[in-house]
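Lettered A, B and C in written order, each chain numbered from 1.
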Amino acid sequence: MTTTATDADASSAAPDDTLRDVRPLAVEGLTIRFGGIVALQEVSFTVAPRTIHALIGPNGAGKSTCFNAITGIYQPTEGRIRLGDKDLVDTPAHRIAALGIGRAFQNLALSGTSTVLDNVMLGRYALTRGGFLSYGLHLPWTMKAERRHQERAAEICDFLGIAAHLHKPAGVLSYGDQKRVDIARALAVEPTVLLLDEPAAGMNSSETAEMAQLIHDIRIGLGISILLVEHDMSLVMGIADRVTVLDFGRLIADDVPSVVQQDPAVIRAYLGAEVTDDPSGPTHATHADKEFPA
Amino acid sequence: MSETTTPVTPDAAAPLADATGPATGPTSAPVPTATAVRGGRREDLTRWALWLVLAVVMFLAPIYLPGEYLTVGTWVMTGAVGAMGLTMLVGQAGQLSLAHSFFLLVGGVSYSVLSGDGSDGFVGLHLPTFVALVLAVAISALVGVAFAPVSGRLRGIYLGVASLSLVFLGWYLARSLPSLAGTTSSGRYAEDLHLFGFNFGEKSPSLYVLDVPIGQNERLWWLFAALTAIAYAVARGAVQGRIGRAWRAVRDNEAAATVMGVSVVRQKAVAFAVSSAYAGLAGVMVVWWYDGLLKPDEAVDSGTYSTTVAIGYLAMVVIGGIGSLGGAILGSTIVFGMPLIIPLLTQGDGSGINAVSGTDFSPVVITNLVYGALIVLIIVFEPGGFAALGRKLTARLRRG
Amino acid sequence: MSILVQVLLNGLGRGAIFALLALGFVIIYKATEVVNFAHGSIALFGGYLTYVLKSHMGWYLAALLGVLSAALLALLLERLILSRAKLASQDSLAILTIGVDIVVLTEISRRLGTEAAPFLGDPYQEVRVSILGATVEGPQIVALVSALVLIGAFFAVFRYSSWGLAMRAQSENREAAALMGIRSSRVTSSAWAVGGALAGIAILFIATLPIAGGAGLTAAHTIAFAAFPAAILGGLTSPGGAVVGGITVGLVEAFSQQYINQDFAKVAVYLVMLVVLVARPSGLFGRVEQQRV
């Protein structure tokens, strides 16, 4: 409780000229069962370093379950998840952030009454030290480190265009800005892999284009891997380097966007039928899904 | 600002001109962030000035106020320290606890046992009083940690009612162990605080300030004021810092907190430890306030360590504003202060708490009706309590 | 042997009373998800009215009015106060009922003041019956019988009437029930009224010499407080659990009182509740609520 505050490692306190050491995120044979329900069945894919990797699939395909498994909220029934050579399944959930995995949430999960800065600073938790007494007694080195981390958080907010709202309660911001606060918080972890859970949810086409640009900027600017779950195909096909498609917990495609778009299994999953020229062909619907590949 | 307002093609290899990516070198880090983060100089100065004024007022109060008012103030301060601990647990960390009066008892008993001289059949280790104080607070913290795992299993009201068991347990143990907690008829007496030879319980003082004898009442006032101020400052630092953020994350969304690196189990334990430590300190202050007397309660729902007091602490926290330290102090002024100040203001003869039976509107009755009604009104109209009302008021004043 | 029977019967008698209180408490929780900490005060309010009126209009009429007034107070609490607290979370609403409890308890205690012998059990207070070598007091018998009848009636209504169906539907999924045409406010109000009425009935047995001792009505609130651990250990969403919880609490109290001491009896109930909760966080028969990530 009274550990002293040490400087966070230098690469997080000052803007880094060198790119971060980004390892591949490998999901291997991931199987998750909840009682009788099989949410994921032997899913394997790898997020190559510094790429944007999209995880798509109809509703209920298991995408969020996969995310939750990576961040340690769910324990896999079988399978491994590795970041480089570090086994994430063996790591306690609260230590995964320190390994460099940052996550933005589908439902934002912000503290509405706390300020934007306060929310983003939560992302610095794994990079800071100091318990009740270090902060309570205002120990000088703790305060100095805190100041430095706040400045970094402000930088990140500036990069995301929300620096004007730093001291406002997060709850008063627009939905789009709140999403950016969520992403800022995930970036504050100084991740090597950024997990974005439906970043374009609830956005119109111009907002989605902005989000696409932002994701692109993050990848270029920070040189990190980005894994995103998304329904919006224009976003996915536009920026993803690789696309993994899930359906009913199984992996049905894993390739570059142009190939996946043409994959008949993928089309069938979304539309529920073979795409043939015969209009009287079988058309049983398997999913009530609005989005389908462009 | 790097607001992206123009739609851009995803193929652009370079970020927009005014997007200051963190990896593009220190020279592109915008200067404003440093000052954007710091509060203004003016706010710092005002805060220091207020603290100074407060310190002067608290120092001079015993000189000018009669003893009966000082006892009201010191009683309110015991409540303030306890309430600050509870508001951190309930408001910041989101763990509902109704066990606060149990930890008051733990603190009081620990101090009495550690500092007592072992006479009259009571257990006493005769440690120096300051050491006994620190250890008593530490013991309360440890007992709090021992209960913390229950908060991993239970949430909300279930946790609250479960924590009530501690009050019952404490009541029973105190009555069953008179050698530790004092006899039920006459209790036991604990040592006054001695610090570097200065006796805070001195009844025949030779110290005079401005021709006013500085006896026990006055010294206790200064001691309690210092303790309350320290308790407040430490709590504030923690709440504004890393621990506060972790607690609020645990309160709002445990899964999200874990993903951000917070060990939920550990932070709940820390919250219970801190809250119990504050309650333990308040418990020692209560013993000092009663002239060193520690006595187990007759009934579990009435008395210094009763369920009624536990609920009273919760009332302080709710009225003041859940999570607000200043609100906790205000809450204590209402819940603990009113029953004592009313007889002073109405009769002026300062005979202390009137134990009135019969159907009079005694000060206790009035206080209960007021704070019970306040709880209802606040939850219906302003769940953020007086703290939220205060914030809205200052915001409006700043604008207008 | 006869001591064992005596303790058992004492426990069952008190347990029946706690079951009535806990049942009312659970009905309210099931319909509205509010933990009603004012339950004891509502009971006290009904009891106070009965006490004040019985010398003017006879016990039976006074008791009836007392029960109705308790139901009315509960109803008013829900309609006038709780339904207005739109900003509050469920936990906050529970704390709100604590505030109400404080106000009502303080005011009624003040009025009772130092009344001599505020007892309510006039028709059955003096009755004594011998069973298997043990003496059973009037209030306990009446409590047991009334509890059996009322609880039985309640379960029948709960299972077979449209009101019971509406209650269960609303408890399961408020929005879906509303979409099905169930008037949420009606179910809520009636639940509170029924809960209040049960409290008003229970007080008639509590404020008697064998149960409350010499203090009568003035000790009733403290005694009624044991209904909370009873309801919670049974599971707040289960009426059956409330009955089981009530009987358990009554028996635990009786046995602790006999074989350890009076003080411990009070603690024992809470310790049992704590142990049950740690083993089963939603109580014996309650259901766990899932949280979405």
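The rule is simple: contacts are C-beta pairs under 8 Å (C-beta built on N, C-alpha and C of every residue); 3 or more make two chains touch, one makes a residue touch a chain.
The shown structure was predicted, so the numbers you read here are calculated from the model rather than taken from an experiment.
At the far end from chain C, in terms of centres built from Cα atoms, lies A. When chain pairs are compared by contacting C-beta pairs, A-B ranks highest. Overall, the chain located most centrally, as judged by its C-alpha mean against the mean of all protein C-alpha atoms, is B. Centroid to centroid, with C-alpha atoms defining each point, chain B and chain C lie 34 Å apart. One inter-chain figure worth recording: chain A and chain C are separated by 50 Å, centre to centre, where each centre is the mean of the chain's CA atoms. Centres computed as Cα averages put chain A at a distance of 39 Å from chain B.
Residue positions of chain C touching 2 or more other chains: 293.
Touching of two or more other chains is recorded for residues 255-256 of chain B. Across the assembly, chain A contributes 73 as residues in contact with two or more other chains. Within the complex formed with chain C, the chain B residues making contact are 96, 150, 153-158, 160-162, 164-165, 168-169, 171-172, 175-176, 255-256, 299-301, 311, 314-315, 318, 357-362, 365, 368-369, 371-376, 379-380, 383.
Partner chain A is touched in their complex by these residues of chain B: 1-4, 7-8, 10, 12-16, 19-26, 28-30, 32-34, 36-38, 233-238, 240-246, 248-249, 252-253, 255-264, 270, 273-274. Put simply, chain C touches chain B in their complex at residues 35, 81, 84-85, 87-88, 90-96, 98-103, 106-107, 110-111, 113-114, 222, 225, 228-229, 232, 263-264, 266-267, 270-271, 273-274, 277-278, 281-282, 291, 293. Residues of chain A touching chain B in their complex: 1, 14-17, 19, 71-73, 92-98, 103, 105, 109, 111, 114, 117-118, 121-123, 125-126, 128, 130-133, 135-138, 142, 146-147, 150-156, 158-161, 163-164, 166, 185, 189, 206, 209-210, 212-214, 216-217, 220-223, 238-239.
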